[in-house]
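Shared chain: chain A. Partners: chain B in the first complex, chain C in the second.
Up next, the complex of A and B:
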């Protein structure tokens, strides 16, 4: 078990090193950005690809899973843009579109952005147009040294940067849509940033789709900076194609009394991991992280989060529901840290899983790390199958078994979805659950 | 809540400097040369006149240990241990091996008297001591005496030191030693396999209910000595045994190493109840000295409907690294873990359990209470896993933590791994929680919220303490010297 392992680089790690050396000059950005890339890659190189010996990746062996490295995506071709346009046809509302990690103005409707929202492309920020924004990248203490974030910083090409002026109340949700072209074996790393001014309010919807008929490797990151008393609702839908290796990192830096609610519906990707890092930088901040993950076939999905209560009077709530069918594997790792001065913290974490088949697997690790004495923290975790008695109750009332099961799963997942405040989105998420259940 | 305040006050009163078992006994010893090498392993083996197979087993473990690195995943920090600066064997010269009580050095008997451990059978039989417990007393590296051996043998129960068992019952030792914790299981267990000096051996034959409580009392006395004991308990089909262990050590400025292994084997419908009151010297309030307690304890429920129950009260040691586990191999087997871990001063505790469900219809239950005070860190780390074939595996885990003061930390790290849909795992961890339903139930019957809380907490704590044998429960309560009621409130 504890034998000394000689730190040999895997083929994928060596390929990443070669890729970085060969491509770094061509990657976008000014001197400051390049220095950032070099530092991030050096940090990654020291760490290597994470494996199960790394406690934060206890159930997810990326080193084993990432056997080869796809070439970096080029700028989208006209044909790819036309294809993406077709895929976007059914989206309404304000959307900013990334294709294979690059921002595409002709697919986006920047002109429709509501008053008070300033848009910049990440490529511009990396190029040196806004050093004040660049400093937010990778600045969160709790996320420092994260494997995926380091790799993203080394290879990030583009992304969306949104700034919200103080006290702007934006009711229209803004959608960040990330698409991957069909049949294109590439890797992409988009980095987006949302800076919300004091007292402002915003709803951001993230949609990740595409990557059919190929083995795309996606490593995206979105960072939120919330000013005092601001409020952000963040809703994510991840429905990548089934062969995609997908890593996504969300960080949030919460100012005093800021409120951050993030919900994710995960049903895509062959091998995916969502990481959330929330840091309470001001007193009295509130964060609610929730999610629904539906897996089947041989899918693997990991949700890992760290809530870092560094300031007093913070509230955190996590609720994650997993439904695992077929030979799929779900992972949930949640860690709530309460630092010594973060008195009066109120933390509640819950992870519930339904295993629908005998070959499904769920691994749960809900952690509490508490250094303050005047806190209320708790976590609960359950894993089990559908309750036979409830099933019997419904069937005794005339519902056929599939219908009864469906009703129970809907109710189970609904407990998390109902926290989504944006109503049309909530309905859309429920509809997606229905669709997933119909295909079962 | 009043109960919480009371606990806070009482824990504050416990000063780590008040360790009452910190005395040193001046006794002439027979020691191995300092340091660790193949020669030392051979020396220990020769001292005990061991057969060749056991020496080979030790050497193989030693060679494996040399290739291992110490585990870093736990939330404890301690400097690199210089294994060449320790003595691996130390025995009181006057008592070279376990004999009858009359042959034991009176000085040694006085040590155990001072510790409150009854070794004189006559006194116990004459009613001087009220309870009847058979004791194996381990002093540094050797067992000095085992009481009530003859009486136990009448029932067919073998209770002796493991060195004696190697000589008298080699077939049993060879058959079972290392079958639960292999000689290369983990860093400290491997070290133990190489240099283990003594420990207890218990064999309960088929259908026998052990007529009395068995216990081992471990005492580290000598300076710079590591204690590496190995305990092996085998309960044949339909048998039952309750076993207790207690530990103390003198107050010294240097850290001392204790790396033990305990293996339990339970056959069809048999049960082992294993209780520990661990009170090694915890170091002073500045963290100087104290025992490093790295223990591997594992039970194997081999038979159908077998049962293992671990109960521990952990109050001592500078560092505790201990995860009593149960492998639920037999169908319908049961595993239980009840733990109260208290840390104060600069103590670091990383303890918990593992419940590995392999058989069908297996159940496990984990109740853990951690109380951290002073500048200590108290971590619960527990794993519950269900194998693909472990249909209908059930687990319930509850861990409560209480922090006293803002300089300490309480952490919970549970691992839940389910590979079958029929497994039902429930886990809850809180710093303050009493089920709303229960509160409502009590209040609906006329109790105030305060009274209702007291009733529920009282009942719950008693439930945990009840798992300790009677005599130990009293001792444990004295040792903790705080009202546990507050730890949930």
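Up next, the complex of A and C:
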């Protein structure tokens, strides 16, 4: 006799089930979208919220952290849009704005989009306007069955969809700005998609802000599909309010000789996780994933990535710098998979952490899974305090201790930031670091 | 200007005593050389003057222009005019040399209550000093000491010395790792900074450096003390006979 053991569901898991059943008819989308939602939710329901027993979530116990479920965000009100407008006042350039997970045309300047870039709202795609685009959602093999991505697919409302015609060279960066309204206890799941034609080039900036004075729950995803010989620079700034529970997933499907560089500056959120899945679907593709995480107080931030070298001659580089102060906790998990036929893969992964207090914590888990026999792959993870020799050198030149420490931390983080090619953004990221350090 | 009186120093955990009642005076305008065998405490002396926290001063005092600097932090000593040219200059990835130089210079000026230099003023001074040391503009843009050759690192130390205009310059084995040309450039840089108001303490193993930077006085150090002082000819004598005589004396 076989006994089927069904683990007990937590209150949050039960609430998610109830929410899906109650809301699914009201969620946007045609029949195909609804079928996708059902499948995704069924997959999630089978998995439950991820917890320590799930290898991939070993250090990040979402089941324990997520004690309740916020209601799904409604479409933004006029008052919320006006409030968001004020928050956007200091942004220049082409921006597409999501507010509480919904695309807001009046906050965006679609008319300024450079020629060669086609914009569609994800709500339209989900509604059936472009089945050819819908098929890209959740299509990446390596990301299939991901808890956060399944939940996002079940509840996704809207997002930004960008298409780049073959050979379009877009120099103007396009900003996707995701805002959460102040004091609004809701959950939101935006899903965006960027499809880049062969030989095309684009810079995408993602900014995540807001959610002050509430316990917002955000579960966003952005998927990139890169055609042959295309190049994308992706720069992310996550500065959510300190109580936000924030999940973000990025997937990238790389065509032959495509190049994908993704950089993230993470300093916000109370409990956050950023996941990256990169799949080498063509030979000779290059990906560079880099980032800076600055944590203080009781913040928790996880960066988890999987690089799946499925084809030969791929190059992957990861460089993540973490600065952890106060009672904060950082997590880095990086896995590089080299499949049997992915010969001549060149992979290098580094995660370096500076702990600025005795009570700060960092968990590092770099992994290599190599099935090919002709590859060069390496990884390194370091955790340490500020170097005393360096500190003395700087002080001996006249820098007071706090200033010397600040310079050392800037230098430490600068090694990752310098990979950002877009210069104004690189300057802006350095300025963010300065601001964070001067508040220390 | 620099007076060291009865200095006793141990490694921070107290396990090993390195300086044993050292007495030394460097007068204004004087170039004093310190020579001594490995382990005699020469580098420790330079670190203790500069304020490295790994040492415990058990007794004695270090006076700069009559003021005891032992209670000061390293940066306060620097602002007061102490400069240590490191034997092994530290690499600082991610900090452009110019950024570092400006931060150091202005930090010292701020501590002394002086106006900070504007960027154009600073650039003018830096480029002029760099040209004299054959340091090109490209090096100034690169991260401090990263990928620099041994000679470049030492020249960079002398550039810092020139910009910071210290009262007392301590050169810790500045000649180590230098080829003949680099030795000449570095020595010329040092000689250009000699002035009636500035003292130099030149720590070296070899007489070679002292052919280029000619000392007014040579001190021999052994077992944490000065065991003999003399004129520049003392360096030649050491080169010929080694430290044997002084080690026995200690």
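Methods note: the second predicted complex is superposed on the first by the 434 of 440 C-alpha atoms of A that agree within 3 Å, B and C clash if a C-alpha of one lies under 4 Å from a C-alpha of the other, contacts with A are read in each partner's own complex, and residues count from 1 in each chain.
We adopt the following convention: a residue touches a chain if its C-beta (ideal position, glycine included) is under 8 Å from a C-beta of that chain, and two chains touch if they have at least 3 such contacts.
This one's a predicted model, so the numbers in the text were calculated from it and none came from an experiment.
With the C-alpha superposition on chain A as described, chain C and chain B fit side by side in the combined arrangement. By the touch criterion defined above, A:375 reaches chain B but does not reach chain C.
Once chain A of one complex is fitted onto chain A of the other, the partner contacts of A:427 are absent, as it touches neither chain B nor chain C.
For the combined arrangement built by superposing the two complexes, chain A sits at the apex of an angle of 70 degrees to chain B and chain C, based on C-alpha centres and given in steps of 10. Within the superposed three-chain model, A:141 lies out of touch with both chain B and chain C [touch as defined at top]. The partner of chain A that touches more of its residues, comparing chain B with chain C, is B. Using the contact criterion defined above for the overlaid structures, shared-chain residue A:55 touches chain B, although it does not reach chain C.
Of the two partner chains placed by superposition, only chain B is touched by A:353; chain C is not.
In the superposition on chain A, contact is made by A:390 with chain C only, not with chain B. Once the two complexes are laid over each other on the shared chain, residue contacts for A:362 go to chain B alone; chain C is not touched. Shared-chain residue A:213: touches no atom of chain B or chain C.
For the overlaid pair of complexes, the smallest distance between C-alpha atoms of chain B and those of chain C rounds to 13 Å.
Against chain A, the residues of chain B that register as touching in their complex are 67-71, 73, 184-187, 388, 401, 403-433.
The touching residues of chain A, counted against chain B in their complex, run 1-4, 55, 58, 340, 343, 353, 355-385.
Within the complex formed with chain A, the residues of chain C that make contact are 50-54, 73-75, 77-79, 82-84, 86, 89-90, 92-95, 100, 103-105, 107-108, 111, 143, 160, 164.
Residues 388-390, 392-401, 403-404, 407-408, 410-415, 418 of chain A touch chain C in their complex.
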